[in-house]
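In this document, chain identifiers A, B, C, D and E correspond to the written order of the chains, with residue numbering beginning at 1 in each.
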Amino acid sequence: MGTTSRATYKPAGLLSRGQCLLFGALLLIPCIELLFDLGISAPTRFVLGFAIVGIGLNVVVGFTGLLHLGIAAFMAIGAYAFAILTCTIYPFQLGFWPGLFAALCIGALAGAFLGAPTLRLRGDYLAIVTLGFGEIVQDLLKNLEPITKGTQGINPLPAPWFFGLTFASDTPKSWYFLYLAILILCTILVRNLEHSRVGRQWFAVREDELAARCMAIRPDKVKLTALAVGAGLAALGGALLASLISSTGEPGNYDFQISILALCIVIVGGIGSMTGVIVGALVMVGMNSILLPILGQKLQQAGIGTTTSVYLAPDNYKYLLFGLALVLMMRFRPKGIVAAREEDH
Amino acid sequence: MSATPIIEVDSVSMRFGGLVAVSDVSLTVDGGSITAVIGPNGAGKTTLFNAITGVYDPSAGRVLIAGRETIVPLDARAWRSIFLYGIASAFLAAVFLNVEEIWLSAVTENYVYLKPFPWLEGVGDAGALVIAHGGWAALVGGVVGAAGRWAIWSRTRRTPEIVAESGVARTFQNIRLFPELSLAENVMVGMDRRMHAGFFASLFRLPNAALERQKAREEATRLIEFVGLGSSVDVRARNLPYGHQRRLEIARALASRPAVVLLDEPAAGMNPTETVELMELIRRIQGTGTTVVLIEHHMRVVMGISEKIAVLDHGEKIAQGTPTQIRNDPKCIEAYLGKEELG
Amino acid sequence: MQRHSTLLTTAITACTLAGAACGVQAQTSAPLLPSSVKIVSSLPRTGSANAQTTAMVNGIRMALTEAGGKVNGVEVLYEDWDDASPQRGNWDPAIEAANADKGIADAMVVAYIGTYNSGAAKVSMPKLNAAGLAMVSPGNTYPGLTKPGTGEANEPMVYRPSGAINYFRVVPTDDVQGFVAAEFAKTLNATKVFILHDRELYGKGIADVFNKSAKALGMEVVEFDGLDTKAANYKAIATKVKQSKAEVVFYGGTTQTNAAQLAKDLLAQKVDVKLIVPDGCFEEAFIKAAGTNALEGRCYITFGGVEPKLLGGQGKVFYENYKRLYGMEPEAYATYGYEAAKVVLAAMERAAQAGSLSRSAVLKEIAATKGFSGALGTWSFDENGDTTNKVMSVNTVKNGDFETVKVIGN
Amino acid sequence: MSASNSLLLEIHELTAGYGSIEVLHGVSIQVHTGEIVSLIGGNGAGKSTSLSCISGIVPLRSGAVRFAGESLAGVAAHAIVKRGLVQVPEGRKIFPRMTVLENLRMGAYARTDRAAIESDLEEVYALFEILKGRSSQLGGTLSGGEQQMLAIGRALMSRPKLLMMDEPSMGIAPLLVAKIFEAVKSLRARGLTILLVEQNARAALKLADRGYVLETGRVVLSGTGAELLSDPRVQAAYLGE
Amino acid sequence: MFDWFDSDVLLQQLLLGLSNGMIIALIALGYTMVYGIIELINFAHGDLFMLGSFLALTLVGAAMNCGLVDPALMGESSHWWLLGTLVVVCGIFCGGLNLCIDHFAYKPLRRASKLSQLVAAIGVSFIIVNLGLFWGGLPMEVLGGGGAAAAPKDFPHLVSDVNLLGEESFVVMTWNDVVIFVVTIPLMIGLTLFVKFTKLGMAMRATAQHATAARLMGVDVNKVIAATFAIGGFLGGAASVLYANYNSTVSFQMGFRAGMDAFTAAVLGGIGSLPGAMLGGLLIGLVRAMSDQYVGSEWTNVVVFSLLVLILIFRPTGLLGLKQREKV
């Protein structure tokens, strides 16, 4: 802060301090599990996948200020592209890494392609159009049955391999490390963008589109880049999650609720902050796939929730808890758990 | 100092609903000069700036920058773009509206589980099907694509970014900085026009992008010093005091190395010392060869630095001339002081 | 920020190494007879399928209670896992996968009852198969999960990476039921049928079978269309049905996917047509949702098995006990849950008597189930893991309750 | 100085601003019943902010605003209007998609005396005849001068004790400016107290009993209209003489 | 197989489209009013509507239990008084609830970013869905036990479903359709008149057009916003009764689709514009019916949203939305 001399200026590091700490902590989880079996590294892999989706959405919503309500569509596109290009019931059979890369590219292309007609739309008009895309993509996946197998889902999908090491479903820790490495890589790359000309253009368009235009920045191009990056990362996340469960699931698994989940990850974590997004993924997805199941299990073991009454089953309070958490969060920490840009400098 | 006009405003009018904000104003700004536009509040000065910089499309008249009308014409290039969009969307429509049949004939029929795929046949079948069934879809898609491109073209013929590309930079009456960005980043946004780093260079921090960034940052630091804000390049813009924000805006505008810079009330809210510094700054800007056009109320500033003054009142240009001419023009005195003073 | 990059390099290296190290996992060798073992169920407990899964869980609990919570003196714990999430309101692949992983990781777990949705089964089957953990489904009807040649080219081998069979189901599959439904349509003297489905794995699958069977039986399929299951009503579709002059509408869908709404709208638009729906609608909630008017004499529900109150033998005991225990009529799904738990417990009993309650021992005994006498009758698991019980019933609604009009097979 | 019977509005050491920026650094103004007080100064001097602060739109940070003896600190904007302190905002801010008549009726929003509202309506139409012919026209389609008249008429409809006008001559053709100032004069003749913010300093000071000159958020000069008019510093500020 | 120009079919689909569209329009008004005044997409509105229909169901059940209506006569004869009471009571209930939601969830966030408000609205939507689940679990004697809380519930016909065009007619029009028009059209006209002529309505318009100026006229903006929520909620509540009666099903998850259709309608018409919401609602209803008939119901969503995107490309602020001009 407040340094003027050029000698003291250093370009931004590969990762911010907060990110280093966070990744350090994430790295520790499976290491601790080698000693005590907490059973959380396996479900945490989903958190990592969603964190990548969150980072992508953050580029669109946080960095560029475009309200996007259909990111799940791009997860679906990523998952299905990955599946069609790798699964043996199709002729392409690319293998994990080329498939993943292709999913990323196809997702980015789709993001740009679907984004093109929406560039002139303002805030909430854009929101409804992206929401519409979310629905359309789901319907397309359901209806184009010969290609997507309709609602059957495509399986099995290849597991990752890494220098001769293939991953099996009973080795969650190796997946965990690989996915964490991919997440770190994505964080670094997006952080590179954030601190470059591209990121500056995103921020400028978000802060004041007109002023940015008067600086010869073309908002359509900038928004398109953001949408493509966001969609590409969402597709990557979708493909990774699909590979994790070795199936694309049904098209219905990529519905509006997932888009909302991704949006909540970004906003609850701290909009505009990548550290925040990863924390958000930990909180939102973690609550879902780690905390609530463990809680439910404990309650059951204590003999609670075994009745047939709707009111006494803990599962039936999930919506309520989730909703309350969101409302209270916005009331008391509207900028999210990690407020943007606190991490910088 | 060359006397070739850099901005020519040719009988521009701006109407909003029942309001005529600017009516039939013509104005010429000579390259390298300092020109002031003055007039009472609401006289249409800012609207004129907006018309010049492409924020608003003039209801009538045109604006030439360096002798060229800064609009995207419906020329061969535009037609080509419309045509290409049409072709592309025709193709996409032909493929996507028949995608199920294409897939069936190209993939499903040719692929036997775990046997090698006959690529040539597959592609051939797909192509044949597109040609056979794509007609209507292609026609509709083509028309929609071309019409969409045309709609976008017609709505974006003259936009701020196109004007800015041609070397016009501006500041705003109600300061419009990027409040969450640091001073250096604000100025670097201004430099964007001159930067080349592409997406992938940025993504992977390729040496050329890093170098460009380094240089841009140094230049930004210099510019911030130039406008007198030397000590705070990494402070967020919204934390700056008002007067400093105005100067930062000027620095941002200068960062694009514009041929003309339009300053909208740069001295508003400044105290007398700051005002003097501002006049000094504007002279230095002129010294770098940049043409300056300013809207200003501080008569001391206007009379002190401008070479030419245009006076606007209720949307019309009522006078134009040197400071001395304006000072003695009865119409201007009337506009400012009220009618009674004339008697 | 040099420090950061160093840290990063370390991190990535560490990831790689740790990944390599984890490639091999320690084998747990269970003692001969542990003091307690666990069975778990993984069913969507949050959201729209809650009603059916509650019935299933009730059935499972009842089976356990009847066994006194013990097999051969070993305590059997039961955990009811949810594979749905509040965000989805439906089964969530990530949670189902996590459940499978959790089940595999928990050495006490010897059997996995689930899933409700066939899509979810596709996620957990290969995982559980690789781990050699027995899986018994009370709800999956998609044929491709077990039967070669009925699904994709790679099914069902993809679910059996270890080559062995670990997946069993106590419900008849859609290919059986779809055909029965089409035959029944024929007996209604239908010449034109209008087929709708909910565009989900179960509904679409059974509609496809119905479509094929109807054509084979010489009926004309006037339309085959998917419904938007979240739509407010299907009056527009009902109009289309009316225009087509079809005598029978088959809807491949469930109560959750709005089958009741379709029945009501067919009535509301005064369409003179019979509606046939599969067992996804064979539950009290369907009648509650549709109202008897829309169903009586207009709607037929096919079901793999017969309704609980008509069950004989063991089934009758189950019916009475259930009513006493929970104070309500058992849903059809309760029987499946009960039967799945029963067959698992019986296998565990045999395994324990043979001296081991390891996963492989339990799996072996489940696979060996032959001539099992349960609530659904006497049946076995065939070589694919399917039940040999092919009893199907066609039911209608009378006076606000299901009434069986026809029993096929047996 | 004419009718300076009682102190109606007293502003003492007022500071206010937006976000991190402080615009007013201690402004003190007094308005007595029945007088016209002009507030003049350059752009960004804080004239409009002062009015917004008095109206309760911008929260005051320190200092005091007292109207008819009561403090206005913490009083909501709509309650201030009910007390009879009404502002004609800068740039007119009429409701563009409401008719002239509706705009005027909105002015009487805080009142409940129906009959009196109708008679006041006639009075406003009498004051600005041009509005009467356009009473069913949408506000947004009026010209600038007409909009200004509408804005003043709208404010009058609330029967203010003190009328604050923010730059009524802004962006308006001279002929209409003259008309508006004439209307202001006639309002004063009826006993209305007026606080006038103007950039057209000469006209404003001619009209005013007293005036204050604001510069960068501070009062730098004050005196009677005539005193200020003849002050060379005022002249210098306006045409750089 | 299908005659494309069968006039009976076309007429029937038009009628269905209009009936469905009217309900959508009524819900859309709640979105557009709130948006017009505080630029918030009130995501919880659709779910609020769902709660309204649950109240209606409970009241009908209560009326049956008290012997006020005979369950056997449902669908045979019409219970106009019951329907009328329900429209009013559910309207007031939803209006009041919407008011509370605004007070507790949105009001503290007025100055926060739009996204925070949106997330709060999403949170409220989840809470209401859960309340709906619990409500569905209420053991209502007539209407089902607690076990099937999540299942859709049958809503009895409150009016006769005799075909008004004669039992032989292909086109079916019952009192159900008539009721929609009889309730919706006066409500829409009433709302238009209310907004046009009453003091509160004028204050709403004024606040939407220029909040600061409205405050300077003595308008208590917070009260006006609260009133907007209340009125929007009232319309949603009224719509919920019509919806339940027309479709005769209520379910705790029905708010999502109803809300999405209504939101789309509001945007299509130009969000913030009352006639726009009405037009948008009708259009969506009609497009859905036509697409179900002529394209295939599995493509209906795709058709609706593609149309939306197309319209927005050529009219970026909706059909009746105002062109926005940036203030510089």
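The working rule: contacts are C-beta pairs under 8 Å (C-beta built on N, C-alpha and C of every residue); 3 or more make two chains touch, one makes a residue touch a chain.
Owing to the predicted nature of the structure, the values given are computational and were not obtained by experimental measurement.
A.B. asks: By that same contact rule, can you tell me which chains touch chain B and chain D alike?
C.D. replies: In this structure, the chains that contact chain D and also chain B are E.
A.B. asks: If each step moves to a chain the current one touches, what is the fewest number of steps from chain A to chain D?
C.D. replies: Graph distance in the chain contact network comes out at 2.
A.B. asks: For chain D, which other chain has the most distant CA centre?
C.D. replies: Comparing chain centres, C lies farthest from chain D.
A.B. asks: Name the two chains that are joined by the greatest number of C-beta pairs in contact.
C.D. replies: The chain pair with the largest number of C-beta contacts is A-C.
A.B. asks: Counting only Cα atoms for the centres, state how far chain B is from chain C in Å.
C.D. replies: Whole-Å distance between the two chain centres: 62.
A.B. asks: I'd like to verify one number: the distance from the centre of chain C to the centre of chain E, where each centre is the average of its C-alpha atoms, in whole angstrom.
C.D. replies: Between these chains, centre-to-centre, one finds 36 Å.
A.B. asks: Compute the distance, rounded to whole Å, between the mean C-alpha positions of chain D and chain E.
C.D. replies: Centre-to-centre distance between chain D and chain E: 44 Å.
A.B. asks: Using Cα averages as centroids, what's the distance between chain A and chain C in whole Å?
C.D. replies: Between these chains, centre-to-centre, one finds 31 Å.
A.B. asks: What residues in chain D touch two or more of the other chains?
C.D. replies: 96
A.B. asks: Got the chain C residues that touch at least 2 other chains?
C.D. replies: If we look for residues of chain C contacting two or more partner chains, we find 50, 54, 86, 89, 153-154, 199, 226.
A.B. asks: What parts of chain B, by residue number, touch at least two of the other chains?
C.D. replies: Touching at least two other chains: 55, 113-114, 148, 172.
A.B. asks: Could you list, by residue number, the parts of chain C that touch chain E in their complex?
C.D. replies: 47-51, 54-55, 86, 89, 199, 222-223, 225-228, 230-237, 239-240, 242-244, 255-256, 258, 260-261, 264-265, 268-270, 283-286, 288-291, 293, 328
A.B. asks: Can you list the residues on chain B that touch chain A in the complex?
C.D. replies: 53, 55, 99-100, 103-104, 107-108, 110-111, 113-114, 117, 122, 148, 152, 155, 159-161, 163-165, 169-170, 172, 176-181, 185, 188-190, 192-193, 195, 197, 199, 202-205, 209-210, 212-214, 217-218, 221, 225, 230-235, 252, 256
A.B. asks: Note which residues of chain B are touching chain D in the complex, please.
C.D. replies: 17-21, 40-44, 238-239, 241-242, 265, 268-271, 297-300, 302-304, 313-315, 327, 333-341
A.B. asks: Taking the touch rule as given, give the residues of chain D at its contact with chain B in the complex, in rising order.
C.D. replies: It comes out as residues 19-21, 23, 42-45, 91, 96, 140-144, 146-147, 167, 169-174, 178, 199-203, 206, 215-216, 236-241.
A.B. asks: Looking at the complex, which residues from chain E come into contact with chain D?
C.D. replies: Residue list for chain E touching chain D: 199, 202-203, 205-206, 209-210, 212-221, 322.
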